[in-house]
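Next come two complexes built around chain A: one with chain B, the other with chain C.
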Partner chain A sequence: MRRSLPATLVVVVGLILLADFVIVNRSLAAVAGTLLEYLVLLAAAAAIAGGLALAMRHVGDLRHARGDRPGSLLLLAGMAVMLVGGFFPGSGGADGPLVRWLVGALLAPLVAALFALLFFFLLAAARRGLRLRSRETTVMLLAAAVALILLLPLGGVAGRWLAAVAGWTLDVPIGAVFRGLLIGVAIATAVAAARILLAIDGTVEE
Partner chain B sequence: MMARQRGWRLAVRRDWRVIAPFALLALLAAAVVLPNLAPPLSLANPDRTSASGFRAAIAALPTKPLVLVAFDADFGSYPEITYATRSVIDDLVQEGGSLAVVSYSPEGRALASAELERLRRGGMGDDRLLDLGYRSGVEAALVQSVTSIVPKASSGPIAVRIRGGGGGIDAFDAALIVGGGDLGPRIWVEQVATRSPELPLLAIAPTFLWPELQPYLASGQLAGLLGTLRDGVAYGVDRADGADSEAAIDGPPSALAMLLGMLVAIGVLLEATGDRLTSWLGEQRLARRP
Partner chain C sequence: MPNIGDLIGRVVGVLGEVLGSSSLRLGIGPTLAIAGILLILLSLVARPTSRWLTRDLGRLSAVGRSMALAAESGASVAFSLGTAGIVRSVPAAARLQTLAALPILAHVARAAARSGVPMEVTTNDPVAAMLAESTVLEAHRGTETLERASRSRIAYIGEGRATAAAHALASEPRPGAAFVIGGLGEEGLLLLDGFARDARSTSFGTAAASQATSVLLEGEGTLIGPQLYQAPSDLGRAGHDRIAVFAGNRLAWISLAVLLVGSALVAVGGADLASFLVGH
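After this line comes the complex of A and B, so read on.
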């Protein structure tokens, strides 16, 4: 009984949401709306639980002197500053001026700087990847070089020609591969969902 | 003598490896601050199909439209679409539009906060700008927004207008989706377009999403799409050319800096691939020897 309850719940909730998607009915919509509210609440609770688990993990690391202690300290300090900024009386929560400043003046530039480093890291990784002597790496990097050449921001006739070829490459070969991938993923997801809804998959019960 | 020469060569190589990233950084910084020295450079896509299609979709909106801006870009790819996003938002503002901004991802919310701040600094008041905040629950929250999007605490003329239109996404004249890796226009087409088929969806997304979004544009499920950096720049540049007053947004990314960075990358990739091919040929030659 204990094992079949989650499976039953998943099947019932899934079927109600599916029915609401295809049938226009006010009562059904109300039930589906309530279920969606529970889902949203559950997601919020999961986010809070995740934050708490992270904080507890790093407090534990500090107490037992294990792992990267300066990193743990920095993480906890960052969380504390952000929470103080949001919970300070009259601050306005996530829209408080301190939170906005922390995001706009600290977080965003730091993340942007981190992503800017990707250019150098990717080039270094490409060189190292080739040293591994993988034929696939060579093909991949040659393709990357060709893509870069096609995307060169040139003007004039050469620029127009390169842009036309780049557009064709994006629309036809890359588009075809990507769409094939997406259709494959969609079919696999639909099959997995159907297995769960028809209760022929034991995943939920485990 | 030979050993000393080899040592010197190794030292030069080692020093060069240390200096090279800094030299590249200095070169790129110089390229950003210098004007485009070579006139034939152009970051804007010469093919204006996407840009003009997007402009036509905005022109098709009613006068003074009420637009929902779904801001779910991510930190990694937002620099690629910043110029396009600001150009489109500025266009909507110039058209007399009212904007309501919502986010379904934490990163999107952080970026939306900065953009809201920018718009408020630009003089947009609460009569034309409404912050609908962050909604947790990703797709579930998005589905919920179809019928109810205004928080109970929200007030002001835009909140009243949305509530008057039913309180959900249907109350808007269009949705502008600023997408990223977490939550992109595809999810909007799947979850919102199926429930509110009359709502025009305009999307701005980084290049890596183009292959999955292009079919939605072709089928008309997306009314407009700026899906590459070059399309975004083309839209912004055309807009700036046609504007009566100078645009209140930053210019597009530097084409010269972009070109230099790309040439360096191409050089490194080709050099490394050449090294690999040379060593492979050497191995093959050795293998053939009796």
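After this line comes the complex of A and C, so read on.
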């Protein structure tokens, strides 16, 4: 019974949304719309619950002197500053000037700085890949080097020839591999979705 | 008092009214195509286990050994459900990857529970965290090790892909096994590197085509593209089933080789291998 109730809910909701996708009917559209509103509500409630859980966990870490205490303190201070900025009377919530400044002047540069590390981590990953499976990684890195050479911004006959070869490489061999991967993923995704819709869940018994 | 005939008549009338006031959104052709695809999918899900391509996807069959090593050294196991989540604002295909990762989490959690290895599951989605908590608890219940459940921790680390990557990079190194299975984005390489650092064994997987290279470079065991969805099916197979498929695969390759060699021999005017094999 505990397993059948969620499974029934999933099947019923899934079939209603699927039917609404292919059939134009006012009543069906109203039911599907209500269900989607519930989904948005669920997501909002989950976000609040998640935030509370995160705050409680770090408060617990501070109280019991465990984990990264300065990190916990920083996280709680950040949450408090953002909440004050959003809830301050007349601030306009997420569009408030303090919130926008915090996002634009603090969060965005931090995220940009983090992603700027990608190049260095790519080099470290290549080294790690060579250690794990040298043959495959060598082929991958050689292919990447060839692609880089082909995409060099050169002029003249050599430049045009390189550009033509680069275009052919991207459209034919690389394009074929990418399309094959995407088609495989799409089929597997559809099968996984159908399994969830039909309540054939992935729980594995051993 | 209305009889059953009247009741059925009314139900049929209501159904007819609903059908009469409805129309097909996509027209008859596309609707039939969608119905046909659904039928094909149904035939596929009727046998959800891969039959002819089974192998040790993502080195998941080595999970038991990894747990034994982790238990010996007193290490923990780290598991990330990727960064797509369940209710985050991402495409549905990315969310499905999180759902596909749950059976793999269950497999790892059972092995960890049996070996007494604490798990730390991290996710940036509160609903995924809730599902992970249920999965780990169910694993302890299934292995009758509920007393060890409190040692494992499921952590919601906050919203955003960058948060997950930063958390992985800033966390203390984990000498045990590390798993990152689920949807990944541009932060993939950072997240994987954070988890791979000092881990004795790693299994990474995603169906995001753009992150396939990150997984291939960072992980010992890899699940690329459709393999993420195939792996949970393979986990459910009993040992003798897997051995039968391995043997079947080898027989298929041997048969192909015999056909090719025989054809080549006949083409160059050599011995007729087919006649020799059938005793003529």
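To be clear about the criterion, the second predicted complex is superposed on the first by the 177 of 206 C-alpha atoms of A that agree within 3 Å, B and C clash if a C-alpha of one lies under 4 Å from a C-alpha of the other, contacts with A are read in each partner's own complex, and residues count from 1 in each chain.
Here is the rule we use: a contact is a pair of C-beta atoms (placed from the backbone, for glycine too) under 8 Å apart; a residue touches a chain by one contact, two chains touch by 3 or more.
Bear in mind that the values here come from a model prediction, so they are computed numbers and not experimental data.
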Chain B versus chain C as contact partner of A:Ala125, first or second or both or neither: second
Touching partner for A:Leu154 - first (chain B), second (chain C), both, neither: first
Contacts of A:Ala43 with chain B and chain C, given as first, second, both or neither: both
Which superposed partner A:Ile196 touches (first chain B, second chain C, both, neither): second
Which of chain B and chain C A:Val111 touches, first, second, both or neither: both
Touched partner set for A:Leu142, first chain B, second chain C, both or neither: first
Touched partner set for A:Asp95, first chain B, second chain C, both or neither: first
Footprint overlap on chain A, where chain B in one structure and chain C in the other make contact: 21, 39, 43, 47, 111, 115, 126, 178, 182
Touching residues (chain side chain C, partner chain A) in the complex: 18, 21-26, 31, 34, 37-38, 41-42, 44-45, 48, 87, 92-93, 96, 99-100, 102-103, 106-107, 110, 125-127, 129-130, 155-160, 162, 165-166, 170, 186-187, 189-190, 192-193, 196, 207, 209, 212-214, 216-220, 224-226, 228-230, 232-233, 235-236
Interface residues, chain A side, partner chain C - complex: 21-28, 39, 42-43, 46-47, 49-50, 53-54, 57, 71, 75, 110-111, 114-115, 117-118, 121-122, 124-126, 128-129, 132, 136-137, 140, 178, 181-182, 184-196, 198, 200-206
Chain B residues within the chain A interface of the complex: 21, 24, 39-43, 45-47, 75-76, 79, 109-111, 113-114, 117, 131, 133-138, 140-141, 143-144, 147, 194, 207, 210-212, 214-215, 228, 230, 255, 258-259, 261-266, 268-270, 272-273, 275-277, 279-280
Footprint of chain B on chain A - complex, ascending: 21, 29, 33, 36-37, 39-40, 43-44, 47, 94-95, 100, 103-104, 107-108, 111-112, 115, 119-120, 123, 126-127, 130, 133, 138, 141-142, 144-145, 148-149, 151-156, 159-160, 163-164, 167, 170-171, 174-175, 177-179, 182
